[in-house]
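Here the chain labels run A, B, C, D and E in written order, and each chain numbers its own residues starting at 1.
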Amino acid sequence: MYIGRVAGAVVATIKYAHLEGRTLLLVDRLGLDGTETGAYDIAVDVAQAGSGDRVLVMDEGNGARQILGLDPGCIRAVVVGIIDDVELDD
Amino acid sequence: MYIGRVAGAVVATIKYAHLEGRTLLLVDRLGLDGTETGAYDIAVDVAQAGSGDRVLVMDEGNGARQILGLDPGCIRAVVVGIIDDVELDD
Amino acid sequence: MYIGRVAGAVVATIKYAHLEGRTLLLVDRLGLDGTETGAYDIAVDVAQAGSGDRVLVMDEGNGARQILGLDPGCIRAVVVGIIDDVELDD
Amino acid sequence: MYIGRVAGAVVATIKYAHLEGRTLLLVDRLGLDGTETGAYDIAVDVAQAGSGDRVLVMDEGNGARQILGLDPGCIRAVVVGIIDDVELDD
Amino acid sequence: MYIGRVAGAVVATIKYAHLEGRTLLLVDRLGLDGTETGAYDIAVDVAQAGSGDRVLVMDEGNGARQILGLDPGCIRAVVVGIIDDVELDD
């Protein structure tokens, strides 16, 4: 899992039934210091995350499919929570 | 999943039955700002994508096999949709 | 597996039952010389690791789920041990 | 999958039965422009590829095992075809 | 799979039964020219590899578990052979 920030969304003409009706968020991958790393994922949202939210992103395909009850599925990344605090030790 | 752009195709003498008759697209991996990252995939097309199209690419092996009904299969990336819009928050 | 160092923790409003009540550690990925690489993971702790501990991190989703007895699950990285010594040959 | 070029082979005293008798090719990972990226794989050959051939490399463990009829197996990359042409759009 | 060189070992207080009694090798990932890439893995040894040996490393979780007869397991990398020769074409 990694810390992400919701950067927007993708609108697509999906040719695959399991993705229809899903919100596809663009999520920036953040470093520990909160800065953007330049990497991103297109993630399915199960946490009702909004624009700018810091989120917990699960980036593993089998787990992602299981969360969404998809089998077969075609999803690798899922927003599973809203981050309240990142506690860094000194 | 990531945002890709169809850059061409590969013609190959395949020694593996499950890939015969499939369109093998060359897909550039794009950054959030729409520029090329230098990375690419050879992806099977299920969205009738054409040259230059911005596409939604699923890059996870188990999901890919399931979409194509292949078991066993040998495919990791699939073009699953045509992207209509990328909405980036400010 | 890789060598990590516990750098802190994440507090999140989780929208997924399997992660509730779990300690989510921020773990820096270390190089062989003990320096930080800049990469990190959010890992579930099963070794009662504390702040600053050098730890053994398992970074593979299926194994992680099995350790935690989760099926379905949504976890990719787990702290599985405390490192006592790193013996480097000359 | 990616475009590779056969760069050589590895000779090893294998301590694992499923790899005995297999040709282990060294395959350079090529960019879309045909140049080497610096990355490589040790891949099992099922396409009778020769030195210098441009090849189609499947780089996903579960699919690789299925192609080779190995279960259990220990193979992640397989050369599945010889590339005749790479058609890049302008 | 990739070419590695045994660089040392890790001693850890493991909190997970499947790793107890296993030799955990530190393995440098080598490039095709035999130089270190800076990447490494902590790998379980099944080839009785010694310090400085060039080894064949399997880096895929499901295969690794199967080799070791672990289910469940928590291992991603395994040293499966000693490399006798790397034959590079000109």
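Everything below uses one rule, namely that contacts are C-beta pairs under 8 Å (C-beta built on N, C-alpha and C of every residue); 3 or more make two chains touch, one makes a residue touch a chain.
No experiment lies behind these values; they were computed from the predicted model shown.
Subunit C has its Cα centroid 32 Å from the Cα centroid of subunit B. Our note on geometry: subunit A versus subunit B, Cα centroid distance of 20 Å, whole angstroms.
Annotation for subunit B: residues 61-62 touch two or more other chains. Chain-to-chain contact here is organised cyclically: the chains close a single ring, every chain touching exactly two others. Around the closed ring of chain contacts, the path that opens at subunit B and continues to subunit D reads B, D, E, C, A. Residue ranges on subunit D touching subunit E, taken from their complex, read 6-16, 19, 24, 26, 28, 38, 40-43, 51-52, 61-62, 65, 71-77. Residues 1-3, 31-32, 46-48, 56, 58-64, 66-67, 78, 80-89 of subunit E are the ones touching subunit D in the complex.
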